[in-house]
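I have placed the structure first, in the form of structure tokens, so that the comments after it can refer back to it.
As written, the chains take the letters A, B, C and D, and residue 1 is the first residue of each chain.
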Amino acid sequence: MNGHEIVYLDDVGLRLGNTIILREAKLSLGPGEKVGLLGPNGSGKTTLLRIIATLLQPTSGSGAVLGAEIGTQDVYEIRNRIVMVGHLPGLWPELTLGENTELVARLSGRSPEVAADALAQVGLARASERRADQSSKGMLRRAELARALILEPTLLLLDEAHAGLDAEAIGMVDTIANRVVAGGGAVMLVSHEPDRLNVHRSVQLVDGTLEMVS
Amino acid sequence: MIDLVGAQVSNAWWYVTVAYTVILGGMAAFVGWLGFRLRRAHRELDQLS
Amino acid sequence: MTFWRQVYEVARKDLLVESRTAEVALMTAPFGAAALILIPLAIGTDAPLLSQLGPGLYWIVVLLFGMLVILRKSAVDGQAQRDLVRLLGIEPAAAFAGATAATSALVLFFEVALGPILIALYNPELRGWPWLFVILPLVAIGMGLLGTIASGVTTSIGTRTSLTPLLIVPLSLPLLMGATQALEGLRLGRGIVPWLILLFAVDLALAVSGVLAARPLEEAVT
Amino acid sequence: MTIVRNRWLEIVTVAIIGVSLFRSMTVVADVTQGDVQRIMYVHVPSAWLAFLAFMVTMVGSAAWLRTKDQRWDRLAASSAEIGVVFTGLAIVAGMIWAKPVWGQFWTWEPRLVTTALLFFIYLGYLALRRAVIDPVQRARRAAIMGIVAAVQIPIVYYSVNWWRSLHQPSSARSIDTPLRITLLLGVVAFTFAYAVLLRRRLELARLEEELDAKRFEQSQSVAGADITAPSLASHPHD
């Protein structure tokens, strides 16, 4: 570790009950890097993303995210520089897309106008009044991407980056990711379609460990 | 310590017997159950190794 | 963003979601009211008896049916929502305090909604009623705290709707004692300050426990 | 295995319990209550054992939160289980005692009410433990509940005590020296019993953990390995 990495994992392992989800996973993600994460269903990609996002503590190994050692109280200080778009929508189904986006702005101490602006940028300005539980999967994904526009993270983690998105929206994913990268941040994308990932390099989760993909 | 309704109960030893049976019996049952679980754990551990 | 601003925003979010489902107003409160109608049919409709039992029954309904307020849908975020809140940098203690504030407000609403029904059906003595402005919130806060802590340790457990009440009800006894005895004290014209102090002490002890447990608990709920 | 080693504790415990029982049966009968009062010599020590066990649970919970050492979690869990068993026994014996003395099985005596609530509080604690699969998550949640419960218990007790003192003042009564010695002997005997039971229960907890580790070693299931290629014919590009 040279201190400049955004994500650094050393032999990270995770065991939940009697199932090994990760073992000896090594990963290094520097500023300006855009990395794809591949792997079959159930191989632990989402879990790995949650570990990187400091939401889940590994059971072995060590690492640091944005300078905060994982498993320490330091992670509370850097969390607001991470945006993760998970495979389940991080939205409250009873609230409208507009309210959900505004909530992100409010909870992060930003003004509601930022939220409206972001919603317009992802093409949902007219769907702002629509409840999340009455929106399509693609709309929910777009609303979640608006979160990245509001928060301008240093570390962006996209699970199933392209699932449910149309061609326009896929282009938007690239734009948002490139913006993070250009700002000196890092992006990690999970996808089942490596061809569409458009990344610098990819790693693959096989049998609970990370392997380079050429 | 206690409010008394009636002193000197006639069939006192009957109550004493029941109470002691409950406590000692309960203790024995717990010990038995604990022993059963211990033996089972030992057995399963032996089977695995 | 300051701690209190975070508390406010979390509570606001919970209440906003609740306002959409209106679970407490449209389901739990009528359920509690129906219970208050059923009880006299079981124990007898003798007016002096009801007047005497009314306050106690009211608190029992508040405590037991209040479990449904604690377990309501807007009190439970799914994993994706929890992840989102955590990544927004919300301090766990602020999330705890915000959730507690929302639940307490709804329990208070529940208490206030049942009040008129109790008065109409049971005709209780209302001596010293202004004290209710102190008693009702203290009980509501206690239940909110207890509920948020217990919900916290049962998050994502399949049987949480049964487990949470089992964890809460025995621990809520001091709230019941404080509330019923304060009303009893008012009825008899006795001092009620010790009971208010008891309620306050319970709230304080739970608030301190909850705030201190917030970070460890957040790590336990993955 | 430690079954043969350290047998002395078991032997001493059985001996003390025997002496205590003999003494309970032969000590002079209580002046006011007569022979029925002999129930106290097992009822009070059971309740004492339960309180002791729950105190140990609280200590184990706090220590786990500080150290994250699973041994403390095993201590908290084992002690809580013993505590629940003896709370139940103490309540039943107390009720049997109450029937002839008070004329009914139950009175709203503060200690009785608190003990009954303790039973449910720690039943809930054990239920919570059963409901969480992952050991570390379980330890953390249980530790938090263990501490919150322990903080509330004195308040529970004082509130009931206070309530009761308003309604029916309880008459305090000192007991005679020979009777007190017998009671003390019972308390000592049950404390030894607690030590024996706790040691065995801890051994069980350790074995179960070992068993879990063994099973894990043998299965070594990696999450992704549970999924294989579908046997259904695939047409990727139609």
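Rule of thumb we're sticking to: a residue touches a chain if its C-beta (ideal position, glycine included) is under 8 Å from a C-beta of that chain, and two chains touch if they have at least 3 such contacts.
Just so it is clear, the structure is predicted and the values come from calculations on it, not from any experiment.
Visitor: Centre of all protein Cα atoms: which chain's centre is nearest to it?
Guide: So the chain nearest the centre of the shown protein is C.
Visitor: Name whichever of A-C and B-D has more C-beta pairs touching across its two chains.
Guide: Top pair by contacting C-beta pairs is B-D.
Visitor: Counting in whole Å, what is the centre-to-centre distance of subunit A and subunit B, each centre being its mean C-alpha position?
Guide: Chain centroid spacing, subunit A to subunit B, equals 56 Å.
Visitor: Counting in whole Å, what is the centre-to-centre distance of subunit B and subunit D, each centre being its mean C-alpha position?
Guide: Their C-alpha centroids are separated by 13 Å.
Visitor: Report, in whole Å, the distance between the mean C-alpha point of subunit B and the mean C-alpha point of subunit C.
Guide: Computed value for the inter-centroid distance: 39 Å.
Visitor: As a quick test, compute the distance in whole Å between the mean CA positions of subunit A and subunit C.
Guide: Measuring from centre to centre gives 37 Å for this pair.
Visitor: Going by the touch rule set out above, which residues of subunit B reach two or more other chains?
Guide: Residue numbers touching two or more other chains: none in subunit B.
Visitor: Which subunit C residues touch at least two other chains?
Guide: If we look for residues of subunit C contacting two or more partner chains, we find 219, 222.
Visitor: Who touches whom among the chains?
Guide: Listed by label, chains in contact pair as A-C, A-D, B-D, C-D.
Visitor: Inside the complex, what are the residues of subunit A that reach subunit C?
Guide: Those residues of subunit A that touch subunit C are 50, 53, 55-57, 73, 76, 79-80, 82-84, 86, 88-92, 94-95, 99, 103-104, 106-109, 147, 151.
Visitor: Name, in rising order, each residue of subunit D that touches subunit C in their complex.
Guide: Touching subunit C: residues 65, 113, 117-118, 120-121, 123-125, 127-128, 131-132, 136-137, 140-145, 147-149, 151-152, 155-156, 158-160, 162-163, 166 of subunit D.
Visitor: Which of the residues in subunit D come into contact with subunit B in the complex?
Guide: It is residues 1, 21, 32-36, 38-39, 42-43, 46, 82, 85, 88-90, 92-93, 96-97, 99-103, 107, 168, 170-173, 175, 193, 197, 200-201, 203-204, 207-208, 210-211, 214-215, 218 of subunit D that touch subunit B.
Visitor: Quick one: in the complex, what on subunit C touches subunit D?
Guide: 149-150, 152-154, 157-159, 163, 166-167, 169-171, 173-174, 177-178, 181, 194, 198, 201-202, 205-206, 209-210, 213, 216-217, 219-222
Visitor: Which stretch or stretches of subunit B touch subunit D in the complex?
Guide: It comes out as residues 1-9, 11-13, 15-16, 18-20, 22-24, 26-27, 30-31, 34-35, 37-38, 41-42, 44-45, 48-49.
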